[in-house]
Amino acid sequence: METLTLLALSFDALLNLSLLYLAWILLNCEDLLKAIVLFVAFGLLMALAWVRLDAPDVALAEAAIGAGLTGALLLTALAKLRVIETNKGTTQQLKQDSENFQTLHYMTPLALLLVAIGLGYVVFSMPPISAGLSNDVATNMGNSGVSHSVTAVLLNFRGYDTLLEMFVLLVSLLGVWSFGSTTSQHETTPGPVLDTLTRRLVPVLILVAAYLLWVGAHAPGGAFQAGSVLAAAGVLLLLMGWRPGGYLSTLPFRLILVAGPGLFAITAALLYLLKGQLLAFPVEYAGIIIFALETTATLSIAVILAALFLSEPPHSDKEHI
Amino acid sequence: MEVVFKEFPWVAVLILLPLLGGIVCFLFSGIAKFTGLMTVFFTALSVLGLGWQIFDNGVYRHAVGGWGAPLGIDLYADGLSLLMLAATAFVALGVSVYSAGYFERGYSTRFWPIWLFLLGALNALFLTADIFNLYVTLELMGLAAVALAGLAGGKNALTGAMRYLLATLLGSLVYLLGVALLYHGFGTVDITLLAQRAEASPVIWAAFGLIAAGLMLKTALFPLHFWLPPAHGSAPPPVSALLSALVVKASFYILLRLWLEIFGPLVSNTDVSTLFGLLGAAAILWGSVQALRQTRLKLMIAYSTVAQIGYLFLAFPLATAAGVAAWSAAMYLAFSHALAKAAMFLAAGNMLRFGGHDRISDLDRVVQRLPLAAAAFALAGMSIMGLPPSGGFIGKWLMLEVAIKQGRWEIVIVMILGGLLAAAYIFKVLGHTFTQAPSPHESKAVPASMEWSALLLAIAAVLLGFLAIPVLSLLNIGNPFGISEVTP
Amino acid sequence: MTLIDYLSTILLIAGALFFLAGTLGLLRFPDIYTRLHALTKADNVGLGLIVIGLALQSESLASAGKLILIWLLVMFAGASVSNLIASGALQRGIRLWKR
Amino acid sequence: MYFYALIGVGLFSVGLYALINYAHLLRKILALNVMGSGIFLILIALAKRTGETQPDVVPHAMVITGIVVAVSATALALTLMLKLAAETGRAELSEKDRD
């Protein structure tokens, strides 16, 4: 037993140091492509850290969104940036931000070191045992409609946060669209390997997303994880060169985009009218309401994330002018 | 009938109506403008309803989902929230009517959904009693604000929006770290429970430092104001009005709320208040001098915002001895600044639309050719300078009174200097509106809705000066400033 | 320890050795193609051995099936991505290493 | 578990340093993401202090919310960066760009 604890401890120590080391290297290395690749590796190690900290839901979310989708977003952005730079004939090297604190050049690391030491002290000053809200969660689980505690917090106890968070996603997509197209669309024909990969993998991804959504009620998983896996299927299709084109501006597509946040907000309003309380799910129907909310949320999250990856605005302007 | 009004879920309407309205605008872009205007109108009416409700019944508390703090999220409305909601409603009405005329077709379909989501985020922010929920509303507000700031495109607007995005994201992250420390220190994210459980400790100090730093960055308090002038100066005028009038005030509101409820009583507050006061004074002087030096009208107004934010922070040192009076004065100023600054940006937008530029020295007889915009600018300027009988005058007068009573002459001097500098930069603009430019310019017609919305907001800012007693009594519902009162 | 425990220990250790060898290869081999070659050994064989070792320990057939599924998916994705990387490298004109 | 929280503090500081120090916007966006990860690590590591095997799950839900907010912000920031680069040719902010 003793050796096992020692093994676990040294594993934690190694993981911790690798995280910090990777973060340092990725932020300070010369090559941006390398930085992004290291960031994805960093995200995967973070997912490992979440597992070590008994947070499997967060690990799933991190692996799918934090490392996967963010990585894909960063890589395509870098590729587009390279195209822009080639067209404009500009090159960039690792450069200090001359505008920020030029005079404080040596002071900045020092000040940050002091901040870090102070924060570290504060972390250590926390009481060694604190139940947080775990007892409140445990007592109220029976009335939450689900048996998995993270889902209960996300969709029921603090469902209002999740309602607003869906709108954050939607606003970022509207923002991305309102800035307009970033590059000229260039169609790529996928090679046979990517083609096969996509054909085989997309159905599997859809299946995995459905599983994650369903399992969220009683085990790690849920709308955000399922939505991002489904979004990954969309990203693969987009990488294949599939372009939704006109679909993006059609009403059915827009309805899917807003279904998650919209249904959440309408549910909140209806429950207020019926029960006099925002988002107060009747205990006997809580499970089914949460499942309905999660299903629409999964679809919306998936489509929003994939659309963020595409980042091309729909051609709605042509349609209305 | 009266029962219906008193029991009606105004709070739910205030949060959900703009969010759902935004969705409708997004789905049916053909009716976006109409839906947007209706949504804003009914949201404003709901503020009236909520005001009636809490005037009769006292503070409003609602446990979302029926769980109640600490497990669930509580909504909370008192006089302070009501004042911020009212300012939001007034500015929202004015800016929406203006925007209906301002944005062309293509921009209009993009503007309305994002703006309504921003309105929903603001209302949700003023109504929550949960510091993590505040983080989510802050992010919703911040991303929507950035999207609007970059709406017009072009190098300056994009640079301003990018700078703004980096500042607002950094501010939210630092705030979130403070929230994380508070949660783990005291086991709750509910403001009222935190106030009961918190005690002076390293956790409180660190959390206060982080939350204050994050929110100061978002409020653009000197010297963390660097992002504000480019963002507010280069956004489309109605967006600048929203950003300057409401968005920076929202983060100030959070800072004030948390200071009053949690940190003020714990953090040995004379040093911190003095620091806030010093930064506020520096903001007033620096912002005003910079405003005076600007050659572009919108940048001048943006720097004026930096200065006017300084006044709000002057209340910190004054409040240690006279909490209610100092905070009432500051909030009165915040309210009248919201109206006046929105009016000023809209008037500047009219001049920009009219002449195709906003060079101050080139305003070319705006007073004759665009009298309503010039009048709006002058009336709003009255309130910014603090001339009687405007709302700005009442706010400054109340604050001066407190400062004189306490013998804080340095604050009195800074306030008077700030007023003089404001007079200088506003009269500089007004002077140029009378003079003729060397070569006459092409001019473009400005729709009446844009002219009148700017003017009505400016008139409201002046009329606010006559409403001191009812506004102050509404503000003190629920005694939001009571806790920081030091009993002798 | 039962026979099954011994068996899975051996499999796990063997799998870890393959990962070690693969990592060494990734770090020490001279060009991108040979590095890919080393990496796939770790992915396919190493992970396979570990998955079988763990599957022997699993409580139910379903969880053993999930483990096998992970292995299959990793092999499938690994093979495709290695191919993409290699063909990308060829397109960019990166030459094969010759002694 | 304090070690994980300390690493969280470290990530936050390293990210803040890079955010201030480097001019390239892509690096600033990476830095903000690293800072966010640091904060999430603090939130989750300290949630293990329940004294039981089951950690406090409320911070887990908060972090999932945070991760989604982070990806939204990243997407918006990247698009803004590309638009800016298309206008100015450089993915940087500089004082001289303003007129």
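First chain written, first letter: the chains are A, B, C and D, and each begins at residue 1.
As a working rule, a residue touches a chain if its C-beta (ideal position, glycine included) is under 8 Å from a C-beta of that chain, and two chains touch if they have at least 3 such contacts.
Computed from a predicted structure; not experimentally measured.
**Q** Based on the averaged CA atom positions, which chain is farthest from chain C?
**A** B
**Q** How many angstrom lie between the centres of chain B and chain C, each centre taken as the mean Cα position?
**A** 57
**Q** State, to the nearest whole Å, the distance from the C-alpha centre of chain A to the C-alpha centre of chain C.
**A** For chain A versus chain C, the centre distance works out to 28 Å.
**Q** Suppose each chain is reduced to the average of its Cα coordinates; what separation in Å results between chain C and chain D?
**A** 32
**Q** Check each residue of chain D and list the ones that touch at least two other chains.
**A** In chain D, residues 12, 42, 46-47, 49, 58-59, 62, 65, 69, 72-73, 76, 80-81, 83, 93 touch at least two other chains, as defined above.
**Q** Among the residues of chain B, which ones contact at least 2 other chains?
**A** Chain B, residues with two or more chain partners: 132, 136, 139, 143, 146-147, 150, 153, 158, 177, 181, 183-184.
**Q** Out of chain C, which residues touch more than one other chain, so two or more?
**A** Within chain C, no residue touches at least two other chains.
**Q** Chain pairs in touch?
**A** Taking the chains two at a time, the touching pairs are A-B, A-C, A-D, B-D.
**Q** In the complex formed with chain D, which residues of chain A make contact?
**A** It is residues 12-13, 16, 19-20, 23-24, 26-28, 32, 35-36, 39, 42-43, 46, 49-50, 52-55, 57-58, 61-62, 65-66, 69-70, 73-74, 77-78, 80-81, 84-85, 88-90, 92, 94-101, 108-109, 112-113, 115-116, 119-120, 123-124, 126-134, 137, 149-150, 153-154, 157-158, 161-162, 165, 168-169, 171-173, 175-176, 179-180, 182-183, 224, 301, 305, 308, 311 of chain A that touch chain D.
**Q** What residues on chain A touch chain C, complex-wise?
**A** Touching chain C from chain A are residues 191, 193-194, 196-197, 200-201, 204.
**Q** In the complex of these two chains, what residues of chain A are touching chain B?
**A** Touching chain B from chain A are residues 118-119, 121-122, 125-126, 130-133, 136-137, 140, 156-161, 164-165, 167-168, 170-172, 174-175, 177-180, 251, 254-255, 257-258, 261-262, 265-266, 268-269, 272, 275-281, 316-317, 320-321.
**Q** Touching chain A in the complex: which residues of chain B?
**A** Checking each residue of chain B against chain A gives 9, 12, 16, 19-20, 23, 26-27, 29-30, 62-67, 70-73, 75, 105-106, 109-110, 113-114, 117, 120-121, 124, 132-133, 136-137, 139-140, 143-144, 146-147, 150-151, 153, 158, 177, 181, 183-185, 187-188, 201-203, 205-206.
**Q** For a test of understanding, state which residues of chain C touch chain A in their complex under the given definition.
**A** Per the touch definition, chain C meets chain A at residues 73, 76-77, 80, 83-84, 87.
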